[in-house]
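Presented sequentially are two complexes of subunit A, the first with subunit B as partner and the second with subunit C.
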Partner chain A sequence: MSTEAARTGGAVTHSPAPRKLTALVGRQPLGIVMAAPYAVFLAAVFAYPLGLAVWISFHRYFFAAPGAQVDRPFVGFSNYTRVLGDPAVRQSFLNVLEFLVINVPLTVVLSLVLATALNSVTHIRTFLRVAYYVPYVTASVALVAVWLFLFSNNGMVNNVLGPLAPNPSWLVNSGLAMPVIAIFVTWKQLGFFILLYLAALQNVPKELYESASVDGAGPVRSFMSVTVPGVRPATTLVVILATITGANLFTEPYLLTNGGGPNGASTSPVFLMYQKGIEQGAPDIAAAIGVILVIAVLVISLINRRVLERD
Partner chain B sequence: MRSKLVMGTVGVVALSLTAACGGGGGSTGGSSAAGAKGPIKVWLSNNPEEIAWGQAMIKAWNAANPKETVTGQEIPAGKTSEEVIGAAITAGNAPCLVFNTAPAAVPQFQKQGGLVALDGFSGGAAYVQARTGKAADQYKSSDGKFYQIPWKSNPVMIFFNKDLFKKAGIDTTNPPLATYDQFLATSRKIKASGAAQAAIWPAPSSEFFQSWFDFYPLYAAETGGTQLVEKGKATFNSDAGKKVANFWASMYSAGLSPKEAYNGDSFADGKAAMAVVGPWAISVYGKKVKWGVVPVPTSTGKSPDQIHTFSDAKNIAIYSACKNQGTAWDLLKFATSKDQDGKLLQMTGQMPLRENLAATYPDYFTSHPEYKLFADQAARTTEVPNIANSVTIWQTFRDAYSSSVIFGKTPVDAALSQAADKINQLASQP
Partner chain C sequence: MLDSTPAKRRKGHWLSFSALLLGALVFLFPFYYMLVGSFKAKSDPSLKGLVPTGLTVHNYAQIDSRVNLLRSLVNSGIFTGAVLLSTVVFGILGGYALARLHFRGRGTLFAIMLLVQIVPFQLLIIPIYVMIVRTYGLADSYLGMILPFAINSTAVFLFRQFFLQLPEELFSAARLDGAGELRILWSIALPLVRPALLTAVLLTFIGPWNEFLWPFLVTKQTDMQPLAVTLANYISNVAGRADNPFGAILAGAVVLAAPAIALFVAFQRHFISSDLGSGVKG
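And now, the complex of A and B:
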């Protein structure tokens, strides 16, 4: 029996109309009012552009002056066929895959280990947290300048390595450019993910560590058997966020390797979207790349979730 | 979860349909705008010398035309002027005139419905041809109309640093840079002597326009002024194109030109002993570097008076968002008059795209002999082809060039051949 029915002695007194209204707006209509501005914001800033991008990707579309008489015919999957047949686009997706294979595991492992270490530190904890967080809040342009100083041909790293320095150098080496970018992004984002794990670590019951200790578990066993499972939801979040960040890769290859060089080895799909859509006046092709990217990220995120959250 | 996905899909489809109804509105300025007069806005390039000229020109116009006042401002900041102008066309808020319209972008702006054909004004085409002469034909669009007035060029040549050449033991009055072999030998001397980190440091980055400052000037010189695409076909998959590409490939493979971009101006900083630049550089390098200038090299060492080069021109166009196009056309003629062109030359050192330039301003070239060579060169400039998909074509070329010439990942011949096939396809598309 429902609470309402119990209160009225078993007789349900609501008329059908209010019940429908309740079903529509919920028991707390005020909630809808409060959420409405954000819903409108989401619709205007995310949903509408996404919908427009999908529409553009199915048409022969280019940007035109207001009122200009231009033909934008429906072309079906033609833009998608062109995109998927373009070796540069396929290369860019492989580049991002390479990026994710390096960046995501590194992000998860480093941020969890460092968060665990920070959680047990009692002195200068605030200083260390801030220190890790600073790169995250610093503009990429400024940080890239530092990395260029480190990894350019005459940079500090090569000076230290001497004859062991790679030839061609890091950022113009097609085999090393993407790993350098992946490591740069890992380092830059680490502070944010450490904070996520620090929050998650507060929810791991201390009793579990005590039990593990009583059972004779050392720090490593305790970490693997208590900490890692205890922060699994956070790990899912970290993996998904890192994947999305990787899929949106643009600034770092653009600035570190001069827009996709060497020889397209660090070109990302988002960089190609910029190149096709803005520079070359083909937003239809750019939109098709974007839609494929969104689908790819959704699929990877779903797989991540299934794998990480299985019992 | 599944129901959420369905709802999401429905939402996206609904939004897509909504988006399908979007666009339109506003006006591109029809025939009524063509004769309309009144206040207008113009955009100027963002280098100090050009801004000074532009503001002085506007002041002179406003003094004589108080009812048709002109407001000038720098092109808003962006990665390139073309991107900013393209966005302004789409938004419908482009100014009446932009004194920095790149010829390569004109076909795209035209396709966007953003430009006004100058032929539509009384005596429009005749004015363009009378001022520029036969060279104006390079700036005609595929429909036979002018959507830009050829305004000024910066014929690129080889600047060299006399101090660094001297340090490397190279003759500074007549440096051996005429043939590819001489250029390579001189470059090796520079590197071997340690005079500079690089002999010459063209940007090795992948932007579509970078080929205008390495491959294209030498290609224009080698071919006597052939454009990258002519009559709808790529021209560079030829002996001349391969010679130029192989020359630069030798420079990169020998480490005479670095494969890594320099953050700054390598020539001004003394990191490179040479640079491919136009006369704008005289005012920039004049105080920093003791420079000399020679034409770009050719395989056989052509006589300087035979050598063509890339124009690096910037032109003026009237944009369709302009409501007072009559005033815009009058201002355009005023700004490109003999008097204003002379002031432009005086204040910026850039070459107005006029026929018989040196003879038109003899006093200037007598008092500025360093510009004389550029004025001679300005008579033999090669422009980017005025064709649809121009930017995509240049990007396609750059990608192939980058892969083969700079990074040596693919053989030069194969890369040029493949790029030519792709460009032929692009050139045939509307």
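And now, the complex of A and C:
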């Protein structure tokens, strides 16, 4: 390969590079150089850790001083059986399930309805959009601070509800802690999903609405029979991304409910990974929880695609 | 047909407009509460607490006396700035290569990039912690904080989509004129996608600025912690001893929230659905 060809990325093929080399590196090998930092990044921060997580989960792994030679024996599935036999872990997975059952339908319905409404509105459009996006761009830690005071025992919500206030209060009530977290996250993330649906709505052909209207369909009917099917690929994406958000849950239970109380009712698997892996020095157990979570997310994503993309 | 007369339609529009407005106010309420609460001398959980009276900056002084706000802000700035710089430089290069250059491994790289979006970062924290903190000893360092976020995959994806939208003739003409790829990227492609670049920059900004879990794991020294971690520690440890913990915490929340919101409001015109939509449609 001539240096000239390398400089122009081999795009100008007046002086043809040897065929074999082209087959090996492609027509524009400069692309390899340009994409290399990103490829190295993915290998170092994604592929290698993923492999390492699986490796750790099959060994008895503990922290040792850097450079120290320690024996980390292969233990097969024993970390997995310990994880699956631990009631706290099972509880945390059930908590995420509860989170998803509240968060996902709420997210899909609210973001689609709000996106449809925002799409047609003409007055103070900017203000309305900003209002719905702002929680998404704001740090969870900052927003958690507000909710902490709104939903604490003598917070504003209970103050307004008076005798109707739940007892025990929201965040220390094992039946209510997770729903409050699920609603917090729905509110926080909704702006992003509205944005996705707004983009999807631009691709629904206008003629479909016109013919629906000619057929006598009202706004509700045309929403159900034109908009909802029209944005189905976006719905698949929204459900998958919302599921991933649920699997990632950490900051909210950690700060809102002091790490997952009451009685573990809002503990999340990632919180357990932190507690067992880093606080208690059992990274092998934590890695096994992580691998199970990844598999669960992949399975849910596949099922969701199958169900939603079926015609 | 009967229910879509102009009068009825207009009524329907006003109905949905009012509902949207009401929803927007509900969405913004916690922000109002945060701001007013941060300037209140005393915590008042009744509805009267929402009226902005008896305002003071004492809460800001209070939290600043307990944690080093300025130092935390600087840490957040370094963390976010480095991630932005690295993502913009390497993301544009990678995005351009993925969109416009035919090289071996392009398909594989793109497939891995899509996969990365499905496997969430939080699930990799244990091996990444083992690598960065235990193996390389990068605890309490900016490098350790930055590394896992150094290139934002979503941003690379957006860059690729932007470059993909440009017409191919533009590139072949430039190549015929003898321009190198870097020159084409710098003088032709980049200027054309400049408005869209802001979307990617804004999206990249909110990641590290708002990130809590990773810097929380990697920094134990308080003078290395970004603001999100400082504030979280303040909420769970220190606040109980302040004379108005309510106001002090909300003051910290305002300082943490303000830069992202200000940037977003200033550039919200660029934060448009079509850019993001093209990014996620693949």
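In this section, the second predicted complex is superposed on the first by the 274 of 311 C-alpha atoms of A that agree within 3 Å, B and C clash if a C-alpha of one lies under 4 Å from a C-alpha of the other, contacts with A are read in each partner's own complex, and residues count from 1 in each chain.
Throughout what follows, contacts are C-beta pairs under 8 Å (C-beta built on N, C-alpha and C of every residue); 3 or more make two chains touch, one makes a residue touch a chain.
Keep in mind it's a predicted model, so treat the numbers as computed, not measured.
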| item | value |
| --- | --- |
| Dominant contact partner of subunit A by residue count, subunit C or subunit B | C |
| Partner chain in contact with A:A287 - subunit B first, subunit C second, else both or neither | second |
| Touched partner set for A:L50, first subunit B, second subunit C, both or neither | both |
| Which of subunit B and subunit C A:N103 touches, first, second, both or neither | neither |
| First, second, both or neither for A:F63, with subunit B first and subunit C second | both |
| Touching partner for A:S266 - first (subunit B), second (subunit C), both, neither | neither |
| Contacts of A:S174 with subunit B and subunit C, given as first, second, both or neither | first |
| Touching partner for A:N258 - first (subunit B), second (subunit C), both, neither | both |
| Touching partner for A:S92 - first (subunit B), second (subunit C), both, neither | neither |
| Touched partner set for A:I278, first subunit B, second subunit C, both or neither | both |
| Footprint overlap on subunit A, comparing subunit B with subunit C | 47-48, 50, 52, 56, 63-64, 66, 145, 148, 154, 258, 278 |
| Touching residues on subunit B, where the partner in the complex is subunit A | 11-20, 22, 24-28, 80, 82-83, 86, 89-92, 94, 108, 111-114, 197, 203-208, 258-261, 263, 320-321, 389, 391-392, 395, 399, 402-403, 406-407, 409 |
| List of subunit A residues in touch with subunit C within their complex | 7-9, 11-12, 24-32, 34-35, 37-39, 41-42, 45-50, 52-53, 56, 63-64, 66, 114, 117-118, 120-121, 123-124, 126-150, 154-156, 158-160, 187, 190, 195-196, 198-200, 202, 213-214, 216, 218-219, 233, 237, 240, 244, 247-248, 250-251, 254-255, 258, 270, 273-274, 277-278, 283, 286-287, 290, 293-294, 297-298, 301 |
| Subunit A residues touching subunit B - in the complex, by the definition given at the top | 43, 47-48, 50-52, 54-56, 62-70, 88, 145, 148, 152-154, 168-169, 171-172, 174, 258-264, 275, 278-282 |
| Parts of subunit C lying in touch with subunit A, wherever the complex brings them together | 1-4, 12-13, 16-17, 19-21, 23-25, 27-28, 30-31, 33-34, 37, 43, 45-47, 49, 90-91, 93-94, 96-98, 101-106, 109, 112-113, 116, 118-131, 134-137, 147-148, 150-151, 153, 156, 175-176, 178-181, 202, 206, 209-210, 212-213, 217, 228, 231-232, 235-236, 246, 249-250, 252-254, 256-257, 260-261, 264-265, 268, 271, 273-274, 276-278, 280-281 |
